[in-house]
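What follows are several structures.
Two complexes, one shared chain (subunit A), two partners (subunit B, subunit C).
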Partner chain A sequence: MRSMREYAIETEGLTKTYDDVKAVDGLKLQVPAGSIFGLLGPNGAGKTTTIKMLLGLVAPTSGSARVLGFDVRTQSEEIRRRVGYLSETSSMYGYMSVGEILSFTKRLYPRWDKSVEDKYVDMFRLPRTRRVSALSRGMKTQLGLILALAPCPDLIVLDEPTNGLDPVGIRDFLQAILQEVSGTGQTVLMSSHMLYQVERVADWVGLIVRGRLLLSRPMDQLKLGQKKIQAAFQVNPPERIFQMPGIERVNRDGRRYVIHVSDNVDEILMNLREIPHFAVDVVDLNLEDIFMEYAGNGGTPS
Partner chain B sequence: MWIHVDPSSGVPIYLQIVEQMRQAAATGLLASGEQLPSVRELALSLTVNPNTVARAYQELERDGVIAVVRGVGTFVSDSPPKLSEKERYDRIFKGAKQLAAQAYSLRFSAGEFTKTVRDAAREVYQSELQENSGEIDA
Partner chain C sequence: MISRPLFVKELKEAKWKTITGLLITGITGASLPFLVDYLGFLIEQMAVPEWARSVLGEQLGNYPLYLWSNWYGKNLLQFSLAFAVIMAGPLIAGERSRNTLEFLASKPLSRVQIILTKAAAGAVSLGVIILASTVITLVASYAAGRPVPVVWFMSGFFAQYAGALVFFNLALLLSTRSDDGLKAAVIAGGIALLMFAAEWVAPLRGRTIIWMMAASRSFITGEVSFGHIFFMLLLASGFLWAALSAFRQSDV
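Then we have the complex of A and B:
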């Protein structure tokens, strides 16, 4: 029986400083239970450091974090027993064979599901007798996924999970996650800089840049809200129109305007179109565009 | 599956599914009474989050495009949308107004614009028009 907690992960002011550099800076992250949460950000943004703090593998400099209700500072054993983790750099025992590492890991988890193990060993065509050190990078990733899914954990953490996979491999990987997780109430936290993969499967998105969480929203809401309006007016628009709620930023070039909107787009459009204009057009933004909006200008949203 | 989602589009995936299903039901590609895949089946075949498909189905059910029979399945429906008169009107008026604004900015005259709308309506309402051998009122 899985508990009815609102958030699988909840951090407050979570900070990690290496020497004088803040790798993670006052992070307030809330991952809703049962979601597939895509943690996005450029390389070096602090995604891996965050994940390691959540699993109790790195001690926070300050702030707090609870994972599945457990404190990362004092209850990391409890957390690791309930979390399936696929790390960015595979740290499996290379001298073991595929079969050995599976049965070794199985003994650590009471809820291990042998049918999940068998299904994906077959599907990924992993040779059970081959040493882990002799597997290709993609096969190591696939084995890592099985090790993260088969324990039926309450939380699955995947750090840059699709490293080393080709497009077909990526599709199979995402399918496996959806297949095993959907309807079970399990939560998935998936970090990536590969946006289109996340765009498919994630229902929540968090964007982390320079150790700070710049936004965290349901995927659909993010795409519905974030728009760019390109407009050219025949008269000077009243300045107050750009004070409407939802308008983040306005760039003007002569009579041409680019209006960056994070919410309330329909009402803003209606109002803009009442001004005599040559054009008022909406541009839909995909995750990459939104990402560039925030990450591209040094991490300040406006 | 004949539904195609483009995750890199700025249009949310649930809306892409809604639009394609609405279109398919309107053109007869989906016949009324036909059974649709379950949320889970469709999510897996498209490799998208099941919540996304569930949201699309909710929207389609509210609009009367599909009907969910609990414990049996999801079917294409020809029942009227579960919307109030005002919601129904507002939805179409909003789209029409945006379209009109676009036509205006492309220098369509009011006459050209309404003619274009009539042309489009003639294509979509084709089968109904043949039955009644009628014309669309201006």
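Then we have the complex of A and C:
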């Protein structure tokens, strides 16, 4: 029975400072319960530090965070009881066999779905008697996914999970997540810098750059709202038109303009088309374009 | 407070250290009663100064003195110190260096549980080595036809074990602050060596942990020195508390 809270994760002013460097800087993040939330950001943006703070592995310098309603400072064990976590950076015990590490992990959790374990051990063709140290990197990731899914967690946290997987492995991995969480009410937080993967599975997206959350929106709203208008005018357009709400940035090359729009597309388009022009076209942005808009500008969209 | 799966895992990881420890200390202990005659023979054959011949002869002539001083005062003392730091040094630092600490800490275990469970499993392994080898030594004494009072001889075990726990928990504390298990063990071992050296300094003689560990007062008075054992357990608890505190505050 999943609880009916609005957000699985809520942070307010969450900050982590190492010496004088702010790895996470006043993060305000809300991950809706039941969503597949893609946490995007370039390397070193603070994604892993954020995740570690959410699991109680790293103590925040300041700010607060609640995961599944539990405080990360005082109730981290309760959080970990309900979270399945797969990290790119951590290792499993290499001397254990696949069967041994499954058995060891199983006994640490209050719930464990043996059918999930068996299903994915078979699907990924993991040999139970083989030592973890003898598995390929891809197989280790698949084993890590089973260890994250089988405890029937309310929240699944995947930190750069598909690094090291081949394209078929990535497909199977993403399918397994979708299959497992659909209709269960489980929340997935998946950090990645591989945008096409997030685009395939996530229904919410957050973008973190230099430890700060720059945007957090539903995927469809993000893709619908973010547009690029390419226009070639016959006369110089009035400057006031570029100050309309929703216009983020304007690049000009002679009488050719590229206008980056985050909202109010229809009205902007109508006004632009009233100016004598050779062409005014709308270009849809994919997640990579949007990501580059923000991350490529050092964290500012304009 | 103790996690059973983690406890079992720790015992399994310590398996070969425990077996090695048992073999080394067991063989050493078993050989002690049989070495008396051999040493006596060597002293007779060698050209040693008369005073040395007299001292050695006196020791060999007093079997309880020989056994206690060689076992609790030398062989077991050295081995239990060595195995205490070897076993505790990698407990946390080893998880860090193998990059498995995040895997473990992300499971539903509190930091207190992790430290206490690891400490408990290590303490059990260490206890098995010290106790079993002491029993082997006792049995070997009987087998060699040199029986000693069982209760009297076994009373030295408690002080020995309590002292070993002091250095075990000291190494555990160092382990929480390091990513190199060997380094933590070597530093704790170095501190133990300093304690040995302190025994050579006249004003400190009889006042160090090493003296207490050797249960020297028990040998002299024939009574278990509960005060010394309590003091060592208190010190061991202090180091354990410090290790807990350090681990709780550290980022994984």
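Here is the rule we use: the second predicted complex is superposed on the first by the 301 of 302 C-alpha atoms of A that agree within 3 Å, B and C clash if a C-alpha of one lies under 4 Å from a C-alpha of the other, contacts with A are read in each partner's own complex, and residues count from 1 in each chain.
One rule holds in what follows: a contact is a pair of C-beta atoms (placed from the backbone, for glycine too) under 8 Å apart; a residue touches a chain by one contact, two chains touch by 3 or more.
Remember, predicted model here, so these are calculated numbers, not experimental data.
*Asks:* Now for A:292: first (subunit B), second (subunit C), both, or neither, which partner does it touch?
*Replies:* Neither partner.
*Asks:* On the A-aligned overlay, A:107 touches which partner chain: subunit B = first, subunit C = second, or both, or neither?
*Replies:* second
*Asks:* Of the partners subunit B and subunit C, which touch A:183 in the superposed model: first, second, both, neither?
*Replies:* Only subunit B is touched by A:183; subunit C is not.
*Asks:* Which holds for A:280: it touches subunit B only (first), subunit C only (second), both, or neither?
*Replies:* After superposing on A, A:280 lies in contact with subunit B but is clear of subunit C.
*Asks:* With the two complexes superposed on chain A, say which partner A:57 touches: subunit B (first), subunit C (second), both, or neither.
*Replies:* Touch status of A:57: second partner only.
*Asks:* Looking at A:123 after the superposition, I want to know if it touches subunit B, subunit C, both of them or none. Which is it: first, second, both, neither?
*Replies:* Neither partner.
*Asks:* Identify which of subunit B and subunit C touches the larger number of residues of subunit A.
*Replies:* Counting contacted residues of subunit A, the larger count belongs to B.
*Asks:* If we overlay the two complexes on their shared chain A, which of subunit B and subunit C does A:266 touch? Say first, second, both or neither.
*Replies:* A:266 contacts subunit B only, not subunit C.
*Asks:* With the two complexes superposed on chain A, say which partner A:134 touches: subunit B (first), subunit C (second), both, or neither.
*Replies:* neither
*Asks:* Which positions of subunit A touch subunit C when the two form their complex?
*Replies:* Going by the criterion above, the answer is residues 52, 55, 57-59, 77, 80-81, 85, 87, 89-95, 104-105, 107-110.
*Asks:* In their shared complex, at which residues does subunit C touch subunit A?
*Replies:* Listed in rising order, the residues of subunit C that touch subunit A are 3-6, 9, 13, 98-103, 105-110, 249, 251-252.
*Asks:* What part of subunit B is in contact with subunit A in the complex they form?
*Replies:* Residues 5, 7-15, 40, 43-44, 47-52, 55, 94, 97-98, 101-102, 105.
*Asks:* In the complex, go through subunit A and note every residue touching subunit B.
*Replies:* 36, 171, 174-175, 178-179, 182-183, 195-196, 199-203, 219-220, 223-224, 227, 266, 269-270, 273, 277-281, 283-289
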